Each structure stands twice: as C-alpha cells, then as structure tokens.
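One structure follows; several queries about it will come next.
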C-alpha cells in the first residue's frame, strides 16, 4: 500500500450506521497495454472502531494513477486495504469502468455480512 | 440543541404511517478548515405520540449554518435530537453531501426497527 | 365526505390484482395560513368486492380545493374514505407535496397487509 | 378472442427463464364514451411448454383497437388469453394508461407464483 | 461455438464477488427474415476457478453478427457457452432488444442460485 | 375533412402571440399495409381572426384513426385544414412518428413567415 | 385586478438586465365546465423604473384560483397587468398547461421588442 | 450503390417542408481492423420532385453491414447517394458513432443552402 | 468588497476565448426576513488583460454567506466586482435561486457586447 | 508537443463538412498543487487539406496525463497543436472540468470564422 490510509475513532460506536463515499475520478493503467483506465469507485460500510479519513482516502485512490492493475484486482485490493485500515463491521466496494471495446464492466466485492 | 424542535400530537396514532421530509438547503461548516459544506438531509419516520412541526424543523436545520461539525456527527446528532423530541416508532436520517476532492459522501443512521 | 365516491363491482373478483391511480393535480389549503398547498396523490390497492369509479375519484379529490387541512390528515382521510367506499383487500395512499421552506414532504399510509 | 395467438415450442424447457415484451402502442376505446384510450402493455413470464410468437402477439394486441373495454378488463383479459394460449409457469400483465382527467392509472394482474 | 472464449485464473478465489459486463453493440440476424436484430447483452456472475477474458468476450459476441438466431436462443446459448467456459458459481445473462413492430423484448436466463 | 374544426374569435387580436398544442395520442393507418401508425402532433401558430377550439381539435385528430394515409400527407393535410379553418398569421405542424424498421421519422410543414 | 401588484424601484436602472420568475403552482377554473386547470407560468422581463415584488406576485397569481378564465385570456391578462404595474422595457409571459384530452397547450405573449 | 434507393413523387411539391429520418441501428466495419462500428444516422431534407421511400432507405442503410469504410466516407457517401436519388432542395446527413478509445465522434455533411 | 478578488495575466491575450465558472453552492440572506437564500451562480466571460483566479473567486462568493442582500443586487454586484477586478471584453452573470413560495427566480446581467 | 499528431488527406475536400470528437477521459495535473484534474475535451472542425487521425488524437490527449498545466493553457494549447497539424478551415476546442471547490469550469477557444 504505497499511500497510508488515515483513520479517526468512530464518533458514534454504539449505533450501526452507513458511510458511503463515491469517487468519480479514479484512473489506473491496463497492465497489458499500458493504456489508462477510468472508473467510479463506490465504497459503503458500517464503521467498526474507526472511520476512514476522507483526504487520505482521496490520496490513496490517487496512488493507483501510475499503476498497472486489472479491474478485479483494483476492486479486491481496495477492499482489502480499507478493511485492514479500519476493521469495518461490513463493507462493499464497487468499481464501474469506462466503455472498452463496446463493453462496460462493473466489479463488486463485499466483506462481512450485509447489515440492513 | 440551540433551536427548540416543536411537535404536535400525532393526529392518527392508531395507524403506523410514514412521514418523510427532504431538506435540500442544508449547510454547515467543516470543523477543520472552516469551509462551508452543503447537503440534502432526508428524514423518514413512523410517528409515535407526536409529529415534528415543519417550520421548527426548518429553523432547527438552519441552526447548523455557523456550526463546525463533521458529516458523521451531523447525521447522528440530527437523529438523536429528533428522536428525543418526538419519540418515533422508527426513524432514519440520511445526509447526502456535495462533492469534495472528487468524492461524494452519504451518511445514513437509523433508530428502531424498520417497519414495512 | 362532501363528495360521494362511486364504485362498480370488481369485474375479476377471483384474482388478486393491483389498481393504481396517480393524481398530479391535487390542491388544498394550509389550515394555519390559508395558503394553497399542491400535491401528487398516489392510490394503489387490491380490490375487494368493488372498485373506485375514476370520474367520481377525480371529483372527490377536487373537493379538497377549498378545504383547510394538514398533510397528515389529507393522507389518512383519503385512505379512510376510500377504504370505507370500496373495502379493498389492501390499500396504500401516498401524498407528495410541493417544496415549502426548502423542504419537500411525503406522507404514506397503508390499510391491510401488503400482498405481493 | 378475435385474433388467434400463435405459439412455438419452448426451445429451452429445462431452464426457468424470463421473457418480457413491452408494447408501447396499445389503444382501445372507452366503453362509456367511445373515446380512444392509450396504454403501454408489459407482459413478463416464465415459459412452460410453449412461447408466444411475437408477430401474432402484435396482431392480437391490435385487435383491441376498435373494442370498447375498461382498463381492468383489458388487463385481466390479456392475461387470461395469454395463459390459455401458452400455459406459462408464471405471468404478469401490466397496463399503464395515458392521463385522463389529471389521473394516470396502472393495472397489474398476475398468474401463478412469482419465480425469481 | 465458432469463437473460443479465453479465461484467466480467478485472482481472488477465496471471496465471492460479482463481475458484470454490459455489451451495447450486439447484433445478430432474424432466422425468419434475415433482417438484422440489435441488442444490449448484460452478463453478471460470481466467478469460480476462472474469469472470462474481456477481449475474447468481445470477439465471441461479434461472432453472432452473421448468424440467424432467435432472441430466446441467443440468451440461453450465451449463458451455456459462458458457463461451459468458466464454471461460475452463479451467472445471469440478459438480452434487451430494439423495438420491432412497436414491441421491445427482454430475455433473462440464470444459472445456479443467486448469491447476493 | 370528415370532422368540422370549430373556432372562436381571437380574444386579443391586436397582439401577435403564440398558441401551441401538443397531441401525444395520434394514430392513423399505413395505406400500404393497413398497420396502425402512432405519432405526436405539434401545432404552433400566431392566431389571426379566430382560434382553434380545443375539443373540436381533439375530435378532428381522432378522425384519422381509421384512415389510411402517409406521414407526409398527414402533416400537410392537418396544416391545410387548420389554415383553412382559422386563417392564422403563421402556423407550423410537426408529426413525430414511432419507430418503424429501426427508423424514427419527423415531418414538419409551415405556413406563412415565421414571426420571431 | 382583484389583488394589487406591489413594485419596488429598479436598483440598477442604468443596466438592461433580465429577471425571470417561474411559478409552478398556478391554478384557475375552466369557464365552460368549472373544472380546475393547472399551469406553470413563466414571466421574463427587462425592468424599467420598477421591479415586481415577489410576494405580491405570488398573491396576484393565487387570485386566479377561483376565477373562470380561458388559457389565452390568462396569458394576456397577466401580461397586461404586469406591464401596467411595472412598465418593463420588454416582457414575455408563457403559460404551460396540464394535459386535457391528450393535448398539452402552451400560450406565449410578448410586450415590446426583445432585447438580446 | 449495392442497393437501389426507391423514391416516390413528392405529394406536396408546392410547399417547402422538412422530412427527417433517424436510423439508430446502423453498423459498418472499420477498414483498418475489420472490427464493427455502430452509429445513429440522421437524415433531414426539404424534398424536391421526389421523396425517399422508407423501406428502401432501411435496406440501403443495411447494405453497409459488411462494408469496410471510414466515418467520413460513410457520411459523405450516404449524402451523395441520397442527393443523386431524390434531388432534394436541401439535405443534411449526420452520423453519431459509438465510443472508441474513450472518444465519441460525430460527422455532419450538408448539401445545398439551409432553408429556415 | 470584503474579500479581494485575485487575478492572473491572461496567458493567451491575442485570442478571444470564453471562460465559464458555475458555482452551485452560493448562499446569502434575505434582507427582509434574515432567512437563508440559495443559488447557483454562473459567470461567463471573454478575458481582457487578466483572468479571475479560481480560489479567490470561491472565497469571494463565500463572503456573501452572512450578508443580507436582494436577488437583483447579488447579480449586479457580482458583475460589477468582477468587471472591476479583471476588465473583461464581455461578461455575463446569472443567478438561479431556489424555489420560494412556489416561484423560482433567475436574474441575468451582462457587461459589454456579446462576442460570438 | 511530446506526441506527434498524425493526419490523413481529407477524402471529401470539395465539401465543407463538420467533424466532432468528444474525449471523456482527459486528465492532467494542477501546476500549483500537483493534484489531478479531469475534463471532457470537445473538438469540432471543418477540415482543410487533412483530417486528424483518431488513434493519434487519443495518444496526443493521453500525453497530458503527467503534465502540470492550467485549464486555459490546456484549451489553447490543444487548439494550437491541432490547427498546426491539420490546417482546418474552422475549429473550436472546449474543455469541461470536474467540480473543484464547488465550482465547475468550461473553457472554449475558437480558430477561424464559424461556418455553420
């Protein structure tokens, strides 16, 4: 993880509530061709002891800009990194990619049992 | 709670029904930078003995205008204040924030078990 | 009920099916200020022995035009009047109101257990 | 049924799958006033031994053009005729009518238990 | 299957996640009239041991361009070919066709129990 | 003209103003195949001595329901009939037809010089 | 004019600028049938010596609620009343009416020469 | 021109009016890669002595299905063929292509001076 | 002007080009009631010797947050301040306000002759 | 210009026609903060002796990915480079940027007199 994900203590730990962040400006590189890929990344979770700090999330997502990585790996790697950083009770990460060859792809990975 | 939330007796207390208010003109301040934040606040509940009076809700939401407060706290604090004011059978509060750093955030907190 | 709600026998009483009417031109008066309110009224039901006749429904909804009445009462009163008129197996009434003070309100009341 | 509904053998009878047809150009006559009514007819089903042939469905729906018939009867009659013609495992028919007197109506009738 | 579907090993086999591909440029021929048909093909699955390689999927879908085939067969054949190629834990294929004779058709076929 | 177009005196003859009527429920028959055609008819004009009465316009447009007539003729014939009925200072008629064979057609005919 | 239209001095009289008000909650009565009509009223003007005060405009438009009046007269009467009240350099009034008998109508009347 | 474009005499030759056809199902091949291209073709013209017959237009556009041809040539060739076939007073052809490499292209070619 | 508007030299002074900034988070106070108003502010101009610096524009617009000011004055005052700060060849400012009393208002003021 | 822009001879040089390319995946860096910026770049031109080759345009636009450059410079530089490469009769370049600090910006630069 080239960029540290900062967290802060969950200010309302006794209630299960949802936090969603939608980042529309994600870009990485195709590991086969080196061509840029573009996606919207949606993160939704029920916080455990800590929450993801928003500015460090922005910088973390920017760290993929020059990285060659597949769609499936982007999605699972972001989920793994965020789970490791904040130990959520439940989390889902969805990546929605620009059209390539007339095909639009969406990858969705989930951690824990869905609450609500 | 700087602004009192007025209520009126639930005119149909024998039936469980839903009341939803969507306020598109919410604004508060970021406690770190002092910069204004903007959100749409959605409140949905099954009334108990009393209902929230609409004009006092408007003034209550306006009372955040000069307050430095985080997204998570806005959402949970509004939920806590409204629950304390009207003892609903069920209530959800959702805040949907303007884009910051290319990221749009949504926080959702719930009180009681969802009916229907 | 200033306007009689006409009904006709359910032509297909052996099958549970849904009928939905959406009336976009509802208007009543605020009982506090006398100012006009505007709403869309959605009625959905599984008919019992009779169905609501459409023209009499239109005239019934128009009868609120000069009436001072709150949002919650409009919704529950329409539900009560329609249930009394046609004894449905299930019915829901939803009123969706124009923006007032930057807030849009929706009231939803239900009679009987939802089928399907 | 003035127009015969043709069918063809279900080419994949061992799998339960869904077929949906949406016809946006349905028109019939009001039996009270003789005035034309317009609707979108949505048919969705899990085929049994046979499927509805598309061209005969188009002609069948056109056969209502000069027929005086109520909304509820259109919906249930189409459902009955299609069920009789192809014996589906499950079928739903929905008719969505043009605005009349400021009110838009939708009628939905179902045959069998919903699969999915 | 005139075109081989390439696969690659599932990079995250210990987690059940979803992959969706939406191809908006599908075209085949009507087997009755020889006229071209157009559709959007949506494929969504939980990968098993392997994932479908995107470029070979594009070429596979292009292989229908000069083929006379019915809507129901396109949908079930794509599902069968993809299941045979990658042994997914669950898969759904949906084809959404252009309007013909004022009617729009959608066919949906599923393999395995939906994980959600 | 099988249906008489009624008019009423222009109540504001000293000012040039625009009247637009958009009829979304127009249907006629194809003179070649007998199949029904569907269109939205838009009429916009600057009234001269008289205005078109709305109910008679509705009945006039309905008179095409069983008539075999081409797109170009519908548009020009409506324009000719309306011009003959009310002598407008300027008038445009536009017909926007449902998709046939994957092609959507729009025909637009104008009478007089466009004001503004 | 049953309701006085208040004005205030144009605060920037040396510059020609545009003011637009769009009122989505207009309702009057059909003088033939007594049935309610609904419209959106759009007013756009270049102010002369005075501007229309917003609250008095709202009350003025509400004064049509129990008035039987035709579409063309509503539009021209509002234009005449507003021109008399504030002597604008240019003004246009547009009324956009709800669907009646499958037809939507729009009436547009203008005073003075359009600036820009 | 592999497919003959049929025409019929302009039924209203004394009036200049517009005919527009929008074909959403155009496909050809890239002459470099052999890969399929997809476009919407819009044709708008003021007819001269003859009009383009709609079914022959459909077949003419389908004749590009197996042809390798560039965007610019498709647009100009269709314009040239249609002008040769029907001698319009004015004609414009616009092709709007699917996204390729993250770029969407539109080519527009015109014959004669625009009327109105 | 409580907040200084910073500028930077026009990097392409020999070409007339357009710069547009759309600020969706503008808020001020009603000078009559003290209630908050909300607007989108659109600024479009052809730069002269200097351009408006974006961050100082954001802070400048925020300086209206606690200011009691009418719609017309907001629009003209922003135009005056920006013209004074950067001497554009042409500039337009448009303010689009939230609904108040069922009426949405838009104020548009322009400086200089529109290019292009 | 780090990336050469390839061209090909205009295949229809005797007719003035329009070519438009819309690139939705443009990204560069802010020269002040180093943060990534995102834009849609629209290019529209009337070709002179040559046309811009599409793949080289894609690579040319990608060459800005690691470049620190202001909005105004991106727009004018792309226009200058494209004009130098293909000598169009007329060209416009528009860049539409993602929201920054609640403000969305659009820059538009033009070369030559607009042919329409």
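The first chain written gets the first letter, and so on, giving A, B, C, D, E, F, G, H, I and J; residue counts start at 1 in each chain.
Methods note: a residue touches a chain if its C-beta (ideal position, glycine included) is under 8 Å from a C-beta of that chain, and two chains touch if they have at least 3 such contacts.
What you see is a predicted model; the values in this text were computed from it and never measured.
Undergrad: Between chain C and chain J, which partner chains are common?
TA: Touching chain C as well as chain J, we find B, I.
Undergrad: List every chain that touches both chain B and chain H.
TA: Touching chain B and chain H alike, sorted by label: A, J.
Undergrad: Where does the I-J interface recur among B-J, E-F or G-I, taking recurrence as more than half of the contact pairs being identical by residue number?
TA: Residue-number overlap above half with I-J among B-J, E-F or G-I: G-I.
Undergrad: On a CA-centroid basis, which chain has its centre farthest from chain G's?
TA: Between chain G and the rest, the longest centre separation is with E.
Undergrad: In terms of residue numbering, is the interface formed by chain G and chain I classified as same (over half shared) or different (under half shared)?
TA: Under half of the interface numbering overlaps between copies: different.
Undergrad: For the sequence-identical pair chain I and chain J, determine the rotation angle of the Cα superposition and round it to the nearest 5 degrees.
TA: 70
Undergrad: Using mean C-alpha positions as chain centres, tell me how far chain F is from chain G in Å, no decimals.
TA: 28
Undergrad: How far is the middle of chain C from the middle of chain E, if each middle is the mean of its Cα atoms, in Å?
TA: Comparing mean C-alpha positions, chain E is 45 Å from chain C.
Undergrad: Averaging only over C-alpha atoms, locate the centres of chain A and chain I and give their separation in whole Å.
TA: 37
Undergrad: By the touch rule stated above, which residues of chain G touch at least two different other chains?
TA: 24-25, 38, 98-99, 102
Undergrad: Following the definition at the start, I'd like every touching pair of chains, please.
TA: A-B, A-E, A-H, A-J, B-C, B-I, B-J, C-D, C-G, C-I, D-E, D-F, D-G, E-F, E-H, F-G, F-H, G-I, H-J, I-J
Undergrad: Using the touch rule from the top, collect the residues of chain F that touch chain E in their complex.
TA: Counting only chain F, the residues touching chain E are 38, 98-99, 102.
Undergrad: Please give the residue numbers of chain J that touch chain I in the complex, ascending.
TA: Counting only chain J, the residues touching chain I are 70, 72-73, 75-76, 99-110, 114.
Undergrad: For the complex, give me every residue of chain D touching chain F.
TA: Against chain F, chain D makes touches at 24-25, 27, 35-36, 38, 62, 65-66, 98.
Undergrad: Spell out the part of chain E that touches chain A in their complex, as residue ranges.
TA: Result: residues 10-12, 15-25, 51, 54-55, 57-58 of chain E touch chain A.
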